[in-house]
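Below: the structure, in structure tokens.
Going by the order they are written in, the chains are A, B and C; count residues from 1 in each one.
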């Protein structure tokens, strides 16, 4: 960008200046390449069993590659969407709740390992019942609370954070997509040299940021913290768990972003969106629980409950034994995956249909 | 549409007057058209149709209109001014949607805020606020029912007004799919429902295609001919000029001038008229043996002999045989009399005579720049 | 990248048609538009918006082919939109963003690097005299500012062609003047080609060199205003002060035909051959009337528009219409 020296004229500031830069061409291949590479990496890290170092490398590469998203054509759309939501005070209030859950686990782990170092081998009296080894007590306590860096700990963490995710998404949905349709911003985006896919990817990325900001990222932090507190070998031995965390996050992200975008395009305004969202996730949940738990219907009725389906698949990702999964019984995981995939496809086709119908030139 | 404009029918008008003389016998029957109760006494007929007396309106600390005085009796009046000058506020005050904070708005002497006055005023708002799921017909009929007409009467009136605005064959479609022009027509139709004496139209021509605009202009002129009084705001001054030469110019919440455009132009003493005169340079000899004189002579003569002229500029003309003058002059009337005299006595062949800055556009520009 | 913008032809369409189901919005439109300022006129349903969508690559043509700046229609969807700066009619703002962010976002979406986009956004905003408002939120903007920020978003990547859909809608007279002046300067001094789509014929007259009249999916006329409008040597528009009825009567006796007298001193007359405009002054002085305006009554763009539509709707023999030409 070299501008030639020109003589200063009167009012030259108000003069129109041409722009000499180059406009970047968009290439579809970048997206395909990205998706391909990430899929391969994920498959490799999920299937490797003994090569811990390789798995860890794959994980690191998988995470690092997400940084490339910033270079994508859809990123400006995501950035603006995030900016809009970050400006809301309510978002920060709810996000604080999510952070509190994280802090509970974070300091819980500290507390436990601190307690362990403090007691040593001396025995202590326990309420007149007898004597016990404090290390044994703390370990017992720790395992009961699942503050032990196991799959169950992360299951619990995801479980608690799930509520805040739901609330935040319900709030963010109308800001992310509903407003674009209501105020005609969609015409602005689509009249630019981007395709409708770029728009959808951009908005989907924004939802992904919220979901991962609350679930995956803190979970990974907890994983790292536990490894540092306990034993460095934890990273290698439990790297399978890290894949599970990422997988769980991925399932949540894909499902929730598609369902959210579809509902937000459909109802547009905040309050109806929250109502629809509540119906979809809370009412269906209560209904399926009542049917399966109380009325002893076929466990397939649980497929009504999208939230349960994502959780169930997520638990399987984390590698939790069937006996540990609650609620139980569940339908076969293939069925659940099929239903969830079907819902995602349905949402996607609805989105494409609706966005194709937008009139840019009136 | 004779069946709609029943009050244009003299027999009907007499019935109103008759009822007024016996107010206690005012009909309350279900089927009766509410506006037949209208008290239009002879004294009230003498009062101006619309009278705004030093009206001011605030929205919280924001001033909407400021000490506006306006009197309308008949015909079409254009309301022009910049965005935010208070046009829409004034219109809403007149239609009784807003109550003035100071001053008084009256329709035939009745306070515009009252329900009685509202029956005399039809309003076509500038914003699109419809029940989008309704068809045009349903919407207008619902408005008719809100006016208090019986079901059959509502239907009759709806049909009549829709026909009148040229929507009769398109009114069964949902409003959601209407174009801007069709929306404007539906708004106009609902304003005409109760056959008001005063029609207040806020930006009725905006966003309509030229064909539709020509039709609406014709319709407005026809309504005015039938004795309705129209107050029309518009940004499209060319269109407004086709409708009327009587305008009220608003600026910063005040009415800067109400008059015909020509007279307002005359009163702008600071801005002399710019008149373009094209003369043929060397035409053939006249019948009496004289030949045409040069445009420079006219320039000299104008400067020397006509006191109203304050400047003459000889400009290049696109044609070699045509001389062009730009004359700056005050007091249009006297100037033109003098010019006519010169042209006749001194043998100039004027082929083009045009005042460049007497349009509404120019007048508005001068007034607002002051 | 952008095609060579100095090419002779801006838009070239060859028998482009577009159907929506059985409804034909464009009917074998063939066009060649040279770079310059073009007004696109047509009543509702003329196919204007379909044409715009095809030019913007939002719709492929059902049949036919064409090029905009050398880019093939129907194939180069996003590239077309990158070559064209489009200012939509709808209020396509993003509430919550500031003016500078909005224009910068537009620049990024057009494919500018982020920093360049921000720098360029400020430059364009300054040029459009929005520098004071650029950090304010878009929803606080006035109508005039909203129109200008939309123009800024179309101008940010410095496109050779601007496609403007109703750029003056909702503007007050002063705002409209300013916008039209801006467009004229952009076209005349900065070499931008403009395609101006509007219902306001006055806008086209003030900005455009050529007009294109579209009706029922066909191009009815294309050319400069002066070429298309009939020049009428034998008709005059008069503006008189004083009682015009007697004056009009006398004109009639002299062989002139009074086409219109609006009763407020505005007359249109058709005069016989060899008529000297001086006669008007002579006759006027006989009746104590002053002539304050005298113009040849050439066809205006508006009259042309209505005439062309009428001709298209009722195919009359053209012989009748050439009377005034």
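In this text, a contact is a pair of C-beta atoms (placed from the backbone, for glycine too) under 8 Å apart; a residue touches a chain by one contact, two chains touch by 3 or more.
Only a predicted model underlies this, so the values are computations on that prediction, with no experimental measurement involved.
Engineer: Among all chains, whose Cα centre is located farthest from the one for subunit B?
Structural biologist: Using the mean of the C-alpha atoms as each chain's centre, the farthest one from subunit B is A.
Engineer: Which chain has its Cα centroid closest to the overall Cα centroid?
Structural biologist: C
Engineer: In angstrom, rounded to a whole number, how far apart do the mean CA points of subunit A and subunit C lie?
Structural biologist: Spacing between the chain centres: roughly 51 Å.
Engineer: Could you give the separation in Å between the centres of subunit B and subunit C, each centre being the mean of its C-alpha atoms?
Structural biologist: Subunit B and subunit C have C-alpha centres separated by 25 Å.
Engineer: Distance from the CA centroid of subunit A to that of subunit B, rounded to the nearest Å?
Structural biologist: Centre separation, subunit A to subunit B: 61 Å.
Engineer: Residues of subunit B touching subunit C in their complex?
Structural biologist: The contact residues of subunit B facing subunit C are 80-85, 179, 181, 206-214, 235-238, 245, 332-333, 336-337, 340-341, 343-344, 349-355, 361, 364-365, 368.
Engineer: Okay, in this complex, where on subunit C does subunit B touch?
Structural biologist: The touching residues are 41-44, 142-144, 166, 169-177, 199-202, 241, 264, 276-278, 281-282, 284-285, 290-296, 302, 305-306, 309.
Engineer: Spell out the residues on subunit A that touch subunit C in their complex, using ranges where they run on.
Structural biologist: 1, 13-19, 21-26, 73, 76-77, 80, 83-84, 87, 179-180, 183-195, 360-362
Engineer: How about subunit C: which of its residues touch subunit A in the complex?
Structural biologist: 1-2, 49, 52-53, 56, 58, 77-82, 86, 88-97, 101, 105-106, 108-114, 116, 120, 123, 126-127, 129, 153, 156-158, 165, 185-186, 189-190
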